[in-house]
């Protein structure tokens, strides 16, 4: 089972992530990891801090000099340039509605209501992206590919159809500053964001993650905490801002009849195929060999420049929440983080199923499995 | 931390559940537990098996003769009358689309594609309801109340507003055979179900769970696997049929502006109050003292009397999936199961926070906490 | 990872065990399991309850009709004939020194100081033996064999040398009523036990467990909670009565010089061999392919017929601890339970390493591993 | 529950530890932590690397500027001066018997047999000492004190009696370079070590850890993996070099009669007392309010200057194991590490029992508990 641990704060010296359970023998492509970290940082509508943070991970554990994994915990460190420039966490008695300021300070009995945000901050998701990128690289060894898209920002929706052409539209999306593959929608969304910036407001949005090539048989129905749909839902819903999660046509499914919703089996050219993928690649809490399709909905970030009605808890009087340097829109970054987390869950259940301490061991057991299940399913 | 384990199959001798972590000194009201189990069994549109299964749990561990918990694992057993009547699991080479038949048989290399359903079956959720009822009884000791509703069946939606009157409408809902508090909608839904029965089809639906009185401070932002929104999402998404989960106004949140969405603080009559509860009682992965609001969406069950296009894997030819005695609609039962699972998560994080091996210990630490946090929040 | 859960009390209706994580496709030899359960019950110096308890497990989950595992949790139930005969737990205000009476009643705030013993009782170890027997059967599929011996009772030691002839002396031991392979020592020990019975006292003892054929590479040095020596120590030290655990020549090792203690490598007949096995088959928290050798030391059981100075906590006066029907010597049973637990740990780490949901999958990955590591080690 | 994670290698850039679960509001005395780290480094018979490693932890997470914990994971970093000086891990095809070289390289399929030692190395125990020191500081808030001693080195034993004077002899021990409180034995031991240095050999030893003031009621008999004796045994046996663990008079217990071994209850001066502490403070897997007494036995370290017979796996010929800069004796450091680990286990079960997110919350629930159990036990 993969495990991921972190320490460090948004306004502290640096952040550290430790990823445990990656087998030995995986060559880490650091350029790929760095490109993913940059993708997170970028994005139209992000705040100023993203301009000067370098976000270049320093790997200090779990790798040989040639960047091959050793089976040891993979340790990485990301400096906070903000701290080095003298930036420190601020004090406040005024909670920002929607943030962890209020709930976290009750829990831990803090006087400084901004302390919880030091750990609840989106800043820490840089570590998720690094860990997720390692998982994506691991999965690539087994021809699993990960795609992610923004599907709406504020009121604007982008009609992304899940289809065979996903690879092509993904390439367009990641070269867009809002993770949207179609120029006409990109423009519309940037207009929406510009409007929000002018109004000193923030915007929510939604996104889509697709994994192609995931083998059938991951997850389990024997315990509810081993079902892969539950594991994915947890991994996504615990990302700051995300408030709803959907597998396949999850929401629509509630309005369907059984005879219409469930994905039929067919035989075509001597192969068994499915007629649709409303289930999003998961049946009975187990992957079924079809594409994994996950959708998610994120609220607007709670730091709003124009302020939101709040209360000064020290002076016990009504005020507007104060502004802290922040983003206007984070849904492109959220989409990448969701992709990171889903890849983490898939890699983790993959390792549970196939065992092995060296990547070659896993390839052996993976290939034996694929061969022994041919009567059901051919990859 | 609460733990829940099960063994037994849908067509086996009996089912056993073990609930670990409930403290000593809790008097279990067995009548309440039995009433919840009956509520699950009942419900318009359920299949014939529900008519003869007794579903009366036998508690064999963790209780004194007076039904007071001892801190030991609480063990309970539910007989399968079906088995006692000679019913046994059937053999099939034809997977039902939407069920665990295909994915589970690949995973475990089964010849009998109906074997996975023995454990993936909704039959086992009777154990969830028993465990959940114990959690609800535990939470009642701290004045936490749990409510659940059906909000749609097939195409029919029921306009349930979350409000102070939830207690009254809940009483009406649980006396309805479709868990719907309003007679006019009850009738409409039963019409929809009758139509589906006639068409030999099944229907999906959606529901709502509300917990009132949950203290602020449960869950944690310090690790993603401790955030209470993630734990709730996992617990719900891993219920058979559920395909989407939403906290508060989760889906709508993606279309909102920050200045509109986030729940403002006010001072009224010397108390700090929130102006809305779009967050559904959770901010930063921690409860904030407002009602917990969770919504969920369930697909129609995959056993469809009229059949769905499938393939006979042994004979390698196209057929219709065969019918197994089943329900037409399960959303009322699903709503109860979601309530059980959410109560489990709340009770579990509650016990993590307040510790204690006897219910009196927990009351002591709970009261100390409530008193020490008065400057923030008064229950 | 294997998981084992239990519910039920020593004087309750019945006991239930749930073993999770055994793969599908393992044919369970129920005769073997029953023979192990009988071996536990038997043993010179055991109390009267063992005469009428049947201890025949009823398997109610996780098996097909042909007793082949399905990958589902394996559930088994053992009736308490004592309960059926009307035996119930007694009330006492006088703690037995050495038992859980005092410490457990403080923890859970019990008035009845005998309540903790309901779960801390050796009675529950019948479940451990069943779970352990399944693990032993699983390991036999990979040619791992488990042996166990009594090495001392009270003051009498039995000189059991670990050698190639272990299989032969084990056969003798399990036909002995004190698990001792040599008739002259058997007699001596029975004399010691008879003396203790006459004196209304109880006796401690020690034992030895050996596993042959365990592959190199189980466990891990990368986290302390994954080291196999730690896992074994926990599994044994948490058996009622055990107070010390030793791996290989653990105690003697502290008096050794490095040049003498560590097991040298040699080349003989084109194979690399070790000159000794002082390490007990574990180096760096990982199995090294040599026999696993574990020793343990158990205190005399705390229920002593002649009584031990104690205090009546209700009346607050000095008394002798009261007698409850019990055994005089349990070290033969303890040895079997240690063997069960060590097999559980080995099977668990084995499954972690080789993955797989069906026994054939595991054999495939196991064989690939053995082949790929030939340059180091030949089984 | 406390969790402890690490990353980094013996010859890597630096080491990082993350300690999770320490509540908010604990003022960390960094001088104390540093003194413990120095104590580990020191010790007669340690190797040369200890001379230049600074071992000064840099805390980068989980603390306010005033070194007060925030409930967030506590992150700390220790530089490897060796790396900064150009020291790197070496390559070898010759395994050191007793080390992880052989078993670890089989597991992970390494060509370089020295790679496992990068993580299995005693170097990493500096992180254990830091984490353990934080646990000791936490326990001091509840008047729990931790003591540790060397009780033998090679063939020389030190007669340390467990008694009320433990505080005084501990002060002497920690000012000794071999952690021995009596000058005459100190001298004898240093002679033994000098002899071993001259002979280019290494020595084993044994030690004793005592915790005073641990409340009754920690641990649990309800699951074997919650028994505190098992948790302690695991925590100690997984320390490099340790090969045997004993609770109280664990080994002797096997030769005792029940009437002699078990610690009687008496009434003296209106208080209930125990006549002895053979149980080492644990009955039924739960602390009983007496001192926790743990003994352990460590093998000589496997890096032996004079070499041990081994095999060059590449050239397939018999050789002597090669020497790597190392220590002659580590039992003083091991004793400190055992104390760190036992404190970790006690603090972890303490937090499980008393819950709470701020140190004041824990004090409240702790005091309520102590008061409510007065009829049993007075601290």
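Lettered A, B, C and D in written order, each chain numbered from 1.
The criterion applied here is as follows: contacts are C-beta pairs under 8 Å (C-beta built on N, C-alpha and C of every residue); 3 or more make two chains touch, one makes a residue touch a chain.
Predicted model, so just to flag it, every value in this text is computed and none were measured.
Asker: What are the mutual neighbours of chain A and chain B in this structure?
Answerer: Joint contacts, listed by label: C, D.
Asker: Which of the two pairs, B-D or C-D, is linked by more C-beta contacts?
Answerer: C-D
Asker: With residue numbering as the guide, point to the option in B-C, A-C or C-D that repeats A-B in over half of the contact pairs.
Answerer: Matching pair: C-D.
Asker: So, what's the distance in Å between the C-alpha centres of chain D and chain B?
Answerer: Here the centre of chain D sits 45 Å away from the centre of chain B.
Asker: In whole angstrom, what separates the CA-based centres of chain A and chain D?
Answerer: Taking the average C-alpha coordinate of chain A and of chain D, the gap between them is 39 Å.
Asker: If you average the CA atoms of chain C and of chain D, how far apart do the two points sit, in angstrom?
Answerer: Centre separation, chain C to chain D: 26 Å.
Asker: Residues of chain D that contact two or more other chains, please.
Answerer: Residues 5-6, 20, 71-73, 107, 109, 119, 217, 220, 222-223, 353, 357, 360-361, 372.
Asker: Within the complex, which stretch of chain D touches chain B?
Answerer: Where chain D meets chain B, its residues are 1, 20, 71-73, 217, 220, 222-223, 351-357, 360-361, 364-365, 368-369, 372.
Asker: Within their complex, state which residues of chain B touch chain C.
Answerer: 3, 5-9, 12-16, 18, 20, 24-25, 58, 60-62, 64, 70-75, 77, 107-110, 115, 118-119, 357-358, 360-361
Asker: In their shared complex, at which residues does chain B touch chain A?
Answerer: By the definition above, chain B touches chain A via 4-6, 95-107, 109, 116-117, 119-120, 128, 152, 154-155, 196, 199, 201-206, 216-218, 220-225, 227, 229-240, 242-251, 253-259, 261-267, 272, 274-275, 278-280, 282-289, 297-304, 306-311, 313, 316-318, 331, 341, 353, 372-373, 375-377.
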